[in-house]
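Below you will find the structure I want to go over with you.
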Amino acid sequence: MTDSNPKQTIRILTTGGTIEKSYCEEDGTLRNRASIIRDGLIASLRLPYTHLELDSVLNKDSLEMDDGDRQQIADAVARTAEKGDPIVILHGTDTMSNSADFCFETLGTPPVAVVFTGAMKPMGFIDSDARQNVTEALLAARLLPPGFYIAFHNRVFAIPGARKNRETGTFEAIPAGE
Amino acid sequence: MTDSNPKQTIRILTTGGTIEKSYCEEDGTLRNRASIIRDGLIASLRLPYTHLELDSVLNKDSLEMDDGDRQQIADAVARTAEKGDPIVILHGTDTMSNSADFCFETLGTPPVAVVFTGAMKPMGFIDSDARQNVTEALLAARLLPPGFYIAFHNRVFAIPGARKNRETGTFEAIPAGE
Amino acid sequence: MTDSNPKQTIRILTTGGTIEKSYCEEDGTLRNRASIIRDGLIASLRLPYTHLELDSVLNKDSLEMDDGDRQQIADAVARTAEKGDPIVILHGTDTMSNSADFCFETLGTPPVAVVFTGAMKPMGFIDSDARQNVTEALLAARLLPPGFYIAFHNRVFAIPGARKNRETGTFEAIPAGE
Amino acid sequence: MTDSNPKQTIRILTTGGTIEKSYCEEDGTLRNRASIIRDGLIASLRLPYTHLELDSVLNKDSLEMDDGDRQQIADAVARTAEKGDPIVILHGTDTMSNSADFCFETLGTPPVAVVFTGAMKPMGFIDSDARQNVTEALLAARLLPPGFYIAFHNRVFAIPGARKNRETGTFEAIPAGE
């Protein structure tokens, strides 16, 4: 007999970026701290039929990532995807589409849905978009077929095909021919 | 030439329920007030490529709904679906699956995705699940093929096939044979 | 040698009222629950040099209190004031000034500052005034000389002399001659 | 006949500091922006019998202030105090006590209560102490006799006599003889 209400495992890989930044009261700076994802963000969502596994791959501002870093992300995706569960990757928005494109070029279509997301404003802020974007990425990871995606601000983009629009502070589809 | 980044219209039908309840300071009660959806909930989400249309169908605690009320909801769905945009229905959780089943039995498969959602805790509370559930319903409405669904707590249920579990305070799939 | 930075003990007596109401997801009602004060409100304030002692005297909507209840509050004040620390009393707003007047008439001027406060909106709401009012009452309890007071919405009222204004949803001073 | 419930004017002088920092989504930095005080902080408090006047004196991280800046603050205090209303000064915590001491040395006891406050965490953060400290400063400004003070974390310090404790992230009284 089948369990009609099994828990779905989703594997979250963290790489740094705005979404993980937290405020350091000693020196007044914003620093990346992966623990904020578990204690702040995940704890605030209701996930009765979801089991989350968090793994920290990198802890970098995405503007500082190079291809060596992207190879580490691709390696982590390949290794994690073998377990058969959908994957959510938390990543800085500035080069998120570069890393997603790199993973696609390196790995081709993965065996599970791999959804990148992040935030324009760190999750500790009252008006952060982190909780919205992670909520969307977790649902997209459950619903979508294997492939690379970006989920952001109520849209899902297939990869390749998306880029950040710095003026509007969101992602957009790349028009044909560009 | 195609616009690669058009705005997607999503039509929200409100019917009352916990999600719309707001606190009345004069008499200390919780009352349904549809305006809280627009001013509180929608305003807190980032939806740069989404256009929302709100329409109030009913304003009832879902425990008090009868088949006449459900017929009104089904009529509103039929009328709204003609416009071709996905639909999100905000509904009390206690009889949400009854209304969704009623719509399916009355209308069959609709021409667009119709996603029911609601909340266990009114949206004015700090730890309400309203924002999470609406975020999920809006994304599911964009991603899913035509049909009736319930989106709740990081799960999407095809209708018929779901029911509320009062003990755990969430929805669950109905096992085969029940 | 004196400790220049001793902890100040403030004793909080809870009696019920809007400020303590919390939402019950099972039946959709608001119920009084004293524990919400410690876990929600007090935990959100920074009080490095303050030691709080909480004691529950009553758990009632203040519209339902009678003189027997008020005598219990006065007895608790008399007993607690003997310890020599300032007191904050959390109370429903509807009859807060009645209970404060009753305490003054029964006990006269107490040996410590006794500050009543409460909230128009339960503390679990995003826009509750509970945190503001408790912050004010805790500071007033430290600063003011022995006596009964109400602290509310950036004002402190000496007792007797204050009443609730139901139209404006706040307290006000009673003009001379009324 | 006297109005028993007049509005009390409190004059707020802003000088920059952590409390005013807001997040810039374009470059991911925290910047001082005085408008956040009016739109974010003040709007979230209930002040039915208080009239606030905001005036921006400086917009600096308090670690970068020199005696020329402090003279500007003292000049603004002297000018503003002539109007007869209590004053709240929002200031970075790192050198707040230096500026308060400077004002006292320059101006002596002022004709009104002048209360400095600030925050360890910018007010846009969910767990910021800005709202608590400003609530306390506004009440202290109403209750205290003319003089310079710091209000912070449920304590009021007379000036001179206070200093920041960097280890504990709060203010403390300076013991006699130090």
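Per-chain numbering from 1; labels A, B, C and D assigned in written order.
As a convention for this text, a contact is a pair of C-beta atoms (placed from the backbone, for glycine too) under 8 Å apart; a residue touches a chain by one contact, two chains touch by 3 or more.
What you see is a predicted model; the values in this text were computed from it and never measured.
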Any chain in contact with chain A as well as chain D: none
Self-contact between copies chain C and chain D, residue sets same or different by half: same
Whole-Å gap separating chain C and chain D, where each centre is the average of the chain's CA atoms: 26
Centroid spacing, where centroids are CA-atom means, of chain A and chain C in whole angstrom: 46
Chain B and chain C, separation of their C-alpha mean positions in angstrom: 40
Junction residues of chain A - those touching two or more other chains: 120, 127
Residues of chain B that touch chain A when the two form their complex: 1-2, 4-5, 44-50, 120, 127, 129, 131-132, 135-136, 138-140, 142-144, 151, 153-156, 168, 170, 172-176
Interface residues, chain B side, partner chain C - complex: 18, 21, 23, 25-26, 28-30, 61, 120-122, 124-127, 166, 169
